[in-house]
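Alright, structures below, take your time with them.
Two complexes follow with chain A in common, the first pairing it with chain B and the second with chain C.
Up next is the complex of A and B:
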């Protein structure tokens, strides 16, 4: 009965690159590339020093925000932004539903699947600001271009996540409803919808606050809303008004954030 | 009633799940399908209502060949076949009533089902079925609020709501404890007897199959290797179906379950007094 001499040490075998030499070569390569990349970044320290002053003025504007002198502009921008946010989210979600269902591999036939995935890829590839510049050129300055931009961006975001959620549902429930002789639409309504609804509502609320934040960004390129007001304030060096606008944006985003997370928790 | 002729299924991966299976189930018969995992039991019953498309062969329900049907006609024929699932497959976030009514989906238009306005006789039938399976008080609860045994009873009510001519039952007790398993099997066999419903029951629990089934079909590697009454399931036959095993260990398990069964019976009697 001599005990078998089991080893007392064990090391996790390498998972990705098995060969030791290759592993070292790849790690060295990454380090060299990083060093080269950092060395090519040019920093004009003199310019940075000058800029500090302007940056400080900006910070001071924050500390002494001026809500009153440009209040009518701010109020107009805010209303525009909020309107843009809400309408674009509603329209975006409405369009995302069929596209999201079409982009779910387990529900849609192949051609529809590829078409919907294509739409999603296009919508996601084009960044909001780029779309906004294009649409402003097409429809002129103002919130309509912003509304279209945000609706377009919502489609890519929501359809993709909805499709992925649909692909993850419990297939057993779908099978059971299908076995009763239900039509495709009935299967979607009875077996798919109940499974994805809480997440769909959560995602829509999340998109609502993304759209508000984005509305501030695309306003800078002319798509109306609070972003346009902010841009004007900065252009006029009215950092105190700009500070006020930024504070309002932060406050609204925080309210939306807490509100939606609370609502999502309630819906689960 | 149901006649399966030379049914074969080869999956796209090249795995042959069924090869040349022929089987006939007369009205009112409860047939237990036994066999090791991967023998093709699930595939066989799913080929009947074409949740899985068979590769070859015919499935006759009455005088309709289910294998050759087009989409719309297949949906109409699926109404005649009720199915009960291993993990219940209830829609968890819907109410018990909606789950039972979903058995009527093949009979009503999309708008009726979407607005949950089912015909009065469907609703009446659903209540009657819930009463039959002992869940009348739970109609408005969400399905995920029920216990395993209760969920499976909702599953049974849903299948019966279709007013089926055939029941396909896939491992109805695999997720249940021994006692609940027996209650569910008893309920199933009673209901089949009441309605003269034929049923094909996939079941991996041999003692349970012997106790409740009228006929046993043994499947191994996609072929029928046994077809006969439960009494004919001898050691030799079980070895043919499952391969070499320590059947004595299984027998000890049987005795244990027999004791559980006896205890359950005593309790039922005590309740009756």
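Up next is the complex of A and C:
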């Protein structure tokens, strides 16, 4: 009688695709796709090699940023960006409140619900940069187009999260307020608003942070702000000024992130 | 039965002091808003703003009907766009994994020196949008797909690194201890104690970032980094609005499909 051969090592069984043949097919498919994808990327290595010098200059510019020589431009771009961020967040939040309430299934009648969900879907599907291109074409260059773009993007983001938050609230409190004979507006004011307020404030602060980051991008297509200044600096190959602008953006984003996380902890 | 004779007998949510503070807070916000609004609109030409509805109607009139015959020229740029997103995600993830292990408090080799460096890399990569990375890289290594791929990869480091290091910090300590108790070396602890715990999070984050990258790579062409954005830029430059419609619809369809694929894949993983 031969002894039973016990396995001496353990291997974790595969989790997602159990069938061995399917697994191999999927792995082969991925390999073929990667080979195809890499082969269609045309790289002009001579140009890349030439550019390494410039890349090094950029790294140097980052290490020795030049804040002074373009300071008036930087200050102007920064003021535009910061004011645009604040105004667009305030207006965006103000518009998202009714849309968010309308998109909550437990508060709004069906037609209103579908209308508000439609608005949210449109606002979320279009990217900021593409919206900015259209709004710049309509309203002319400058921070006003940027303000409209960011407000529009804020609506999709905030209404969706607000609506989901309202749908998640404790129904018992709503019922209790309704049992006192409260009207719809009173239910929203006394049962819904206290439950979602902390999260709404947190989301608004988070959106403020995102809007600042986005304001640096939409300037590239002509919507004002620090992005326009950065674009000009890179076009002129002034890497020390570009480095200074990028460092300012990073610093403000860091301050905003830490500030808003502390503020949120304090408010909740 | 006693009547309410004094207002202090009426229940109210907040004390008068808190209410006063809240009013001052709201007032300050309104004042700040008005002040910022005035600074922002100092150089606005209101004639253009008043003219906007006419312009909008004009553009809308030029956008329909879409020029569907243009669709044939778009398949190759679309393939490029998907490649930018996929290869960029792979590159970004490869760079993000070591950064995440350096940034996590329980796996970093030196909390005093390497951890702040890793955290700075994550913040720097997260604060700069991929379009700005692309702008820089096009100036440095020339226009083309490579600039787009590197831009997406650099932007992904911060996102993947941040979420991954949070996942590493949240790993269950007792499993790691159990592996350590068997006499495993630090590398074995990493391999058998930590990696299996973060694997689902890792794949979820990667697929999620891939989905975002598809979205972002569609516009990278605006600054010359290849893909369907190049066609968008070309059409905008010649004011061919009927082609712009076709491109936007194709981008929209791609984004919706990639979102669906990523949702299905994350559902299968988690």
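The rule is short, and it goes like this: the second predicted complex is superposed on the first by the 217 of 268 C-alpha atoms of A that agree within 3 Å, B and C clash if a C-alpha of one lies under 4 Å from a C-alpha of the other, contacts with A are read in each partner's own complex, and residues count from 1 in each chain.
The rule is short, and it goes like this: contacts are C-beta pairs under 8 Å (C-beta built on N, C-alpha and C of every residue); 3 or more make two chains touch, one makes a residue touch a chain.
What you see is a predicted model; the values in this text were computed from it and never measured.
In the superposition on chain A, A:249 makes contact with chain C only, while chain B stays out of contact range. Which of chain B and chain C touches more residues of chain A is settled by the count: it is C.
When the shared chain is aligned, chain B comes close enough to touch A:189, but chain C does not. In the superposition on chain A, contact of A:44 is made with chain C only, not with chain B. Of the two partner chains, chain B is the only one that A:197 touches; chain C does not reach it. With both structures placed on the common chain, the touch criterion links A:264 to neither chain B nor chain C. With both structures placed on the common chain, the touch criterion links A:180 to chain B but leaves chain C unconnected. Shared-chain residue A:86: touches chain C; no touch with chain B. Judged by the touch definition given at the top, the superposed model places A:127 against chain C, while chain B stays out of reach. On chain A, the surface touched by chain B in one complex and the surface touched by chain C in the other have no residue in common. Only residues 29, 32-33, 36-37, 39-41, 43-45, 48-49, 52, 55-56, 59, 79-80, 83, 86-87, 123-124, 126-129, 131-132, 135-136, 139-142, 144-146, 149, 196, 215, 218-219, 222-223, 236, 248, 251-252, 255-256, 268-269 of chain C touch chain A when the two sit together in their complex.
Touching chain A in their complex are the following residues of chain B: 49, 51, 75-79, 81, 83, 85, 87, 89-94, 98, 102-107, 110, 113-114, 155, 158, 162, 168.
Here chain A touches chain C in the complex through residues 12, 16, 33-34, 37-38, 40-44, 47-48, 50-52, 54-55, 58, 79-80, 82-84, 86-87, 90, 125, 127, 129-130, 133-134, 137-140, 142-144, 147, 213-214, 216-217, 220-221, 227, 230-231, 234, 237, 242, 246, 249-250, 253-254, 257, going by the rule given at the top. Of all the residues in chain A, the ones that touch chain B in their complex are 170, 172-173, 175-183, 185-186, 189-191, 194-195, 197-198.
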